[in-house]
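My structure is below; once you've seen it, I'll send some questions.
Chain IDs A, B, C and D follow the sequence of writing; residue 1 opens each chain.
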């Protein structure tokens, strides 16, 4: 079985309210860029927030890290490249943000999510089958 | 029956992420300052978001206006003075934001909310009795 | 001289962080949608934030109003239709936000901006010529 | 020379707009809580954003990590405990966020900042003396 393409490239345009008095995007706003890209990534696999809810699982972020290499600026769109790299016991997505016009690397990072069974409020130590089915992977 | 004091003065400290590249608080962030002040105002009357939900009503904003007189800046706390001025058919709250250290007026505005009966999803054309009871007013 | 087209239609996708515990976009976030649309509108006329700065003028918002007719929800893109309707002494932009898939009207509103001469910090009681040149209008 | 107290405990009240459709504070908003606490921490040492600028240095975040143990909820204030733990070549601040009413641990994390010489735009491989003077430490 061939490995599916678990990547997505998401274009985000920093807005005026994202930029701080130093003239660069405030570091916390890159978490929004990660979120927008990850949401689009999972929707490609028909497992967006709505489908997650319908499947009986919530997927909270339990760990996030961002490293800042260079700064995004107003009016320069960025591309958030993201990829699911773990799916057995938890979901790990890795990110690289690049300036769209130059390809210059701005930010790298990852997020880790675990499944919560909504009915029991219990954390799942193994990811549920529905995730693997949607991503087209096996554990 | 004496009129109750339907006012609240709420101190907010603009943070770095609230300030735009012009060095002033981005105009949209004052809506957050209104929100924080209004939430505290209604909690004084034991009718915060939690109690609203328990009472069977939601109170969405249907109209908001802000006029900007001068700019809030980083590190200068502001005081949001707010007051309930209408409660019969809808709730109107009026706001004046002043720089705390100087008393200088920065922003004025209002919000209008209507009651939605959560069970029926219907808008109420008259405010529910629970509002008047909590505020200590009569319609 | 024919009147130029001073309109723009800007698509915005509400993200998870825009949505409140009621499951609808928090009312203050529509100010961000206005901002994104207005920024794109002025860039069409080669008078974005960067060009504003180069022209020696800043254009702060002095008045904003939003009326909420229906609610935007997660995952349903909206279209922000905006139009410059005044440019003589101040700039007034009017907005209508519609759900993209249905055309349903969600929000209406306006913003008013005045020109500030950056060098003198003085407010201009008449809009500067550069605005009219860029928009292709006369006062 | 005794070691100075490089800690600060900062109370933050999650607002309605911080809470997501799951009824908990959206994970990205904790970066704002870190920011508010760190800003207050450095102001205690007379080295807030304003003083940083006056000293000729900017201190961008180059690395941030957050681990989520439990969720903050609306209306429950949290305390952000933060501490400067490195200051020689870079500044590392560590954070623990606890629910104020119960002391329950919600989030842990750190930020790493480096000094940029504003005049030359160069990154400093050793922190400038002004930092150590303000913190009352030696390298």
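Heads up, the rule we're going with is that a contact is a pair of C-beta atoms (placed from the backbone, for glycine too) under 8 Å apart; a residue touches a chain by one contact, two chains touch by 3 or more.
These numbers were taken from a predicted model, which means no experiment stands behind them.
Colleague: Compute the rotation angle for the C-alpha superposition of chain B onto chain C, expressed as a multiple of 5 degrees.
Modeller: Value: 180 degrees, nearest 5.
Colleague: Based on mean C-alpha positions, I'd like to know which chain lies farthest from chain B.
Modeller: Farthest from chain B by mean C-alpha position: A.
Colleague: Could you tell me the distance, in whole angstrom, between the mean C-alpha positions of chain A and chain D?
Modeller: Here chain A and chain D have centroids separated by 24 Å.
Colleague: Can you give the whole-Å distance between the Cα centres of chain B and chain D?
Modeller: The separation of the two C-alpha centroids amounts to 29 Å.
Colleague: For chain A versus chain B, what separation do you get between their C-alpha means, in angstrom?
Modeller: Chain centres of chain A and chain B, defined by C-alpha means, are spaced 34 Å apart.
Colleague: Find every residue in chain A that makes contact with two or more other chains and list them.
Modeller: Chain A, residues with two or more chain partners: 16-17, 21, 28, 32, 35, 49, 74.
Colleague: Which part of chain C faces chain B closely enough to touch in the complex?
Modeller: Touch list, chain C to chain B: 21-22, 24, 27-28, 31-32, 35, 49, 58, 60-68, 71.
Colleague: Which bits of chain A are touching chain C when the two form their complex?
Modeller: So the residues of chain A touching chain C come out as 13, 15-17, 32, 35-36, 39, 43, 48-50, 74-75.
Colleague: Please name which positions on chain D make contact with chain C in the complex.
Modeller: It comes out as residues 16-17, 19-21, 23, 26, 28-29, 74.
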